[in-house]
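In the two complexes below, subunit A is the common chain; its partner is subunit B in one and subunit C in the other.
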Partner chain A sequence: MRKANSLTKFLRLIYVLLIVVPTFAGFTYALLHSLGLTGLLTDGLTLKYWSEALRDFYMWKSIGFSFLIAVISVFLSFCIALFLVLKLTDDFQKKWFHRLLFLPLCFPATVMAFYVMQTFSKSGFLSRLSFQFGWIDHIESFPELTNDAYGIGIMLTSVLLVFPFFTLFLKNIFDAERLQDYGLIAQSLGAKPRHAFWKISLALLWQKSKSTVVLYIIFVMGSYEVPLLLGRQNPQMITPRIVDKAQRFNLHDIPQAYVMALIYLFLVLLLISLMSTRFVQFFKKKTHA
Partner chain B sequence: MRILKYISRLILLFSLVACQADREPQAIDLSQLSWDQVVEKGQSQKLSMMMWKGDPKINAYMQNYIKPHVKEKYNIELEIVSGQGNTLVQSLMNEIQADVDQSQIDLVWINGETFYQLRQIDALFGPWIDKAPHAKLIDFDNPFIGKDFQQDIEGYEMPWGNVQMTLIYNSDQVQDLPQTRSELLTFVKSHPGKFTFDHHFTGLTFMKSLLIDIAGQEELAGDFDADKYEKFSADLFAYLNKLKSYLWRKGEVFPEDVAQMHQLFAAGELWFTMSNNDAEVDNKISEGLFTKDARAYVPDFGSIQNSHYLGIPRKSAHQYSAMLVINEMISPAAQLHKMQPEVWGDGSVLSPEKLSETMQEKWKNTRMRTNAPPRSVIQKKALQELAPEYMIRLADDFQEKILQQ
Partner chain C sequence: MLRRIVHFFLIAVIFLPVAVLLILSFSEHWIFPDVLPENFHRQTWLRLFSTESELRQSLGLSIVVSLCVAFFSTLMGCILSRAVSTSRYKKYYISLAYLPYILSPVVLGVLWHYFAVVIGLNASFIGVVSAQFLICFPFGFIILSSFWTRHISNYEELSITLGSSEWFRFKKVIFPLAKPVLGLCFFQCFLISWFDYGLTQLIGGGQVKTLTLSVFNFINEANIFLAALASLLLVIPPMTLLFFNKKIILKRTLIH
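And now, the complex of A and B:
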């Protein structure tokens, strides 16, 4: 028993050393930098970086754009996963289906973004194919699907990267909760398939996966490589905007980049705290399982 | 509560570590040393060089020529790591702030804007360049070499190569080359979507050429002048706004960097790309990225010619070794090899008349460029770099007046 306690204490210490301290140190450093209290070119305590950042319309636009991209991407991924789990239930028994499903998981984000660029850009594979088949008059007539104003290329890549995770996640819930059996029982008691879907399958799947959906929204919101390659400078997702600010030619812009990072961090923490009850339940369930 | 106790203990520990006595490496007094002593102190060491690794030909030159050469001559192990511009500046800045014992970087490849930033934070070792024997062969009187973005190099960085910006075009599609600002506007208007520039270093260099064309070289020479910038940049942005809707993707998006522009050019989406290296068109043709129809030229309004340099971080623990490597990198043999279009095609910083007769002969017999314009032709249209603050302001204003409009 004592040995087990020591091990727990040791693991806690490792957790604090590897996770809590670096995160806290990074946060403190960013805060000090944003207030002009550290940095080689600082002139001392100032709130000007905060005031400039808070008044920067394009920073708020970037945060809003990132949120929108993330919500749409995760929603689409969830829908695709739902369709696969509910409608292609039998295919999950087949090896080829598994392999096909796991395929997008093999691609790192940058490679997937590059693949989307090569396939869907104006001079990409689909554009050339459409031109060869005579569906478009000029290669340039192909619609803008990358570096576009609506972030279509970013969303497409994010969906390709995220939907396999959701599929596996929903499939596990589907099997563990025996949703197919519940659906059949409901139908044998007179419920229409549509009702069984909305009232039983979807309701349960959504209940069990809400927290994961929020975590994935946060994950997609913070993506960097994909919007860097497939996005545009306006509107721009928040992470490339922060990096751009930090790595521009003006060293005096660095504190403002830290402010932007802190504001973004604060908003993400707010989102997590709003969902905190749900997260506590999520972990409790996991522990009890 | 226990976690908070752990954290407070750890923070205390970190504070104690941070409060160590200053461990600045001992300053080197070069005036007391001969070059032989530098050689003695610098050989048989491991050296880390940070440089831009985005060009396979440059990487191959470093890996296959410079690395084996310094290994053989001085038994120096040269390790090359990727990094440039702000990555490099921030690495050195963090090291200075953390008061580290010695830098992880011993040698850096930089240009004027990075030099300006590194001097701002006092990150470079120097002055030292007079000590290197091959520095005597450099043409420091040439303002394109002896000055970096209008700044005196003051012995803190060694010129390594010299290049001039060129516009690369597809000769199959473009016959009448736009030579002036108004011709460029007319051309872009009549061929919408086929021209653009990136929104980083190369694009900003192109914009600086336009700014100089508007203001005149003499007007903007010397230190940064905010009033002059305001006056002439207003005309520049008015011009760019006229171009904007006819640029690639109607100027709503700009390529991230020149590599993306090259890809778009190779795919036929653009008819023009650009490069800061006047010989790059030959490189890219030999790599198979561009077709043989690609050509490069400098319009009559001129283009910026500048040099790139090598520096040694102040906190490097291998400053002698770095001096030895740099001295070899500017040797006539290394510079001649680098000049070959199939190797790199980088312009030399050496003054040919200061070389030995044998070397001068070899210099003359260097393989000629094919699709890149001869240096003697574009030299006449060379513009000097502006003070670094012009670039900082242009980058900010481009964001505000073009990207966010």
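And now, the complex of A and C:
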């Protein structure tokens, strides 16, 4: 029995080592490198790289841009999913409709980004169609929808990747919480459809899905392949920016890449803790008091 | 009417990517302002079957990498989730498994790159498999943690009472019960590895040319026709899985 117990403890230790050690080893090395305590350019403790990175306008722009892209993409995906679930509720009973929504989940980000590039770029399908219909008279007249300053291509790809999942996810909540029945009861008690939507359907769906929404905002923020194909140098999303800096020939850029990675990780952890239930409940208590 | 418009729009949005990739994979010239490519032929697809095809090598390498990652992730996920299932702190152990996903695998790849160089695993097959394992294994752990319920431990206790040995118990009781969830975990991990680009590029240093790297290489070479073919090859396994089991795809998306 004792042997079995010590084996279990040993296995738990292995688990912690496999998850925690690689993450914290990377974390520690990045911190030491960014403080000038290790690496090829080591010249003793210095805050030079941190102060340079913290004053770097483009880094903050990248973080802000990534956050904005993620929030807009997830918001649009959520709205599309909500529309499909509430307006086409009966269609989900049909096998073809249900299967149809699973299909985009088979697409990796790389492939979806490639598709968006071939369809929405200046030389893509839409541009060619517009030319044939006489809507544009030159390839340059077609609006920039990929590699653009507003991240339209990145957002479009993210929405195409995320909305099918949100639709299936919200539909599961819709069924599990029996929202259709609640809506009918509310309306038979005199509530207008608009009220039933705001006070029942949306409120319950949001309550049950908000943690997934936040997780998806973080995932989209950390996406790499899509901005690599459809983004540009300025503004650039944070993940390709970190990788760019880390892979440059200039050795002075590497500590800055580590600083950016650490700041990004810190902000993600902050976002998660801000959204944690305990935090929300803390503020609720304060408000009631 | 609105319903029909939405149906049409949805079908168009979902099937267009497949259609675009198929059209491009069967073409060779596509000059502006032609809406469709000039000639359709099987030339690009035939290249896949030639013995020196880079794409075929990438396909083979991707399959081997993903199978290794899926096998080790499932094995370790199964053993370690069993060990953690009886812990008082099970909830915290599971929360810990989300760490690599929340912190972005690519950012972690940047942080791990130095260690891969020091250990001598960078630009190598084993390095890529190890890095992907560190991302896939927590995912496998999360899936398999849901298997070790009270119900399963009741079965175990019953078989102990009836005098079964540990091996017999695993072979005749646990394994048959765990088979579906093990299969699910294996395919999920296979897909995460199959779709990975960032980690493979960072740790493999471009030397381990999997299918996702090939897509990027072909795009950089402006060979959109081969890129389309490589993209289709990337989509085929998950679509096959979708045909057999929808849950596999949905669970992967939920976490990844």
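The rule we apply is simple: the second predicted complex is superposed on the first by the 262 of 289 C-alpha atoms of A that agree within 3 Å, B and C clash if a C-alpha of one lies under 4 Å from a C-alpha of the other, contacts with A are read in each partner's own complex, and residues count from 1 in each chain.
Keep this in mind: a contact is a pair of C-beta atoms (placed from the backbone, for glycine too) under 8 Å apart; a residue touches a chain by one contact, two chains touch by 3 or more.
A quick note: this is a predicted structure, and the numbers were derived from the prediction, not measured.
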Just from the overlay, do subunit B and subunit C fit on subunit A, or is there a clash? clash
Subunit B versus subunit C as contact partner of A:131, first or second or both or neither: second
With the two structures laid over each other on chain A, which partner does A:37 touch: subunit B (first), subunit C (second), both, or neither? neither
Is A:88 touching anything from subunit B or subunit C once the two structures are fitted on A? First, second, both or neither. second
For A:139, using the defined touch cut-off, is the partner it touches subunit B, subunit C, both, or neither? Pick first, second, both or neither. both
Using the touch definition from the top, say if A:68 reaches subunit B (first), subunit C (second), both or neither. neither
Have a look at where A:204 lands relative to subunit B and subunit C in the superposition and call it first, second, both or neither. neither
Which superposed partner A:165 touches (first subunit B, second subunit C, both, neither): second
Which partner, subunit B or subunit C, touches the larger number of subunit A residues? C
After the superposition on A, what does A:222 contact: first (subunit B), second (subunit C), both or neither? second
Touch test for A:248: subunit B only (first), subunit C only (second), both, or neither? first
Kindly point out the stretch of subunit B, out of 19-27, 91-99 or 289-297, that overlaps with subunit C after superposition on chain A. 91-99
For subunit A, which residues lie in the overlap of the subunit B contacts and the subunit C contacts? 12, 16, 20, 25, 123, 139, 228-229, 246
Given the complex with subunit A, which residues does subunit B contribute to the contact? 2-3, 6-7, 10-11, 14, 85-87, 89-90, 93, 96-97, 113, 117, 120-121, 193, 199, 249, 252-254, 256, 264, 267-269, 388, 391-392, 395-396, 399, 403-404
Which residues of subunit C touch subunit A in the complex? 2-3, 6-7, 10-11, 13-18, 20-21, 24, 32-35, 76, 79-80, 82-84, 86-87, 93, 96-97, 99-108, 110-115, 134, 137-138, 141, 194-195, 197-198, 202, 212, 215-216, 219, 224, 227-228, 231, 234-235, 238-239, 241-242, 246, 249-250, 252-254, 256
Give the list of subunit A residues in touch with subunit C in this complex. 7-8, 11-12, 14-16, 18-20, 22-23, 25-27, 29-30, 33, 84, 87-88, 91, 97, 99-112, 114-115, 117-119, 123, 125, 127-129, 131-132, 139, 160, 164-165, 168-169, 212, 215, 218-219, 221-222, 224-225, 228-229, 239, 242-243, 246, 257-258, 261, 264-265, 268-269, 272
Can you name the residues of subunit A that touch subunit B in the complex? 12-13, 16-17, 20-21, 24-25, 38-41, 58, 121-123, 139-140, 144, 147, 149, 228-229, 232-234, 246-251, 254
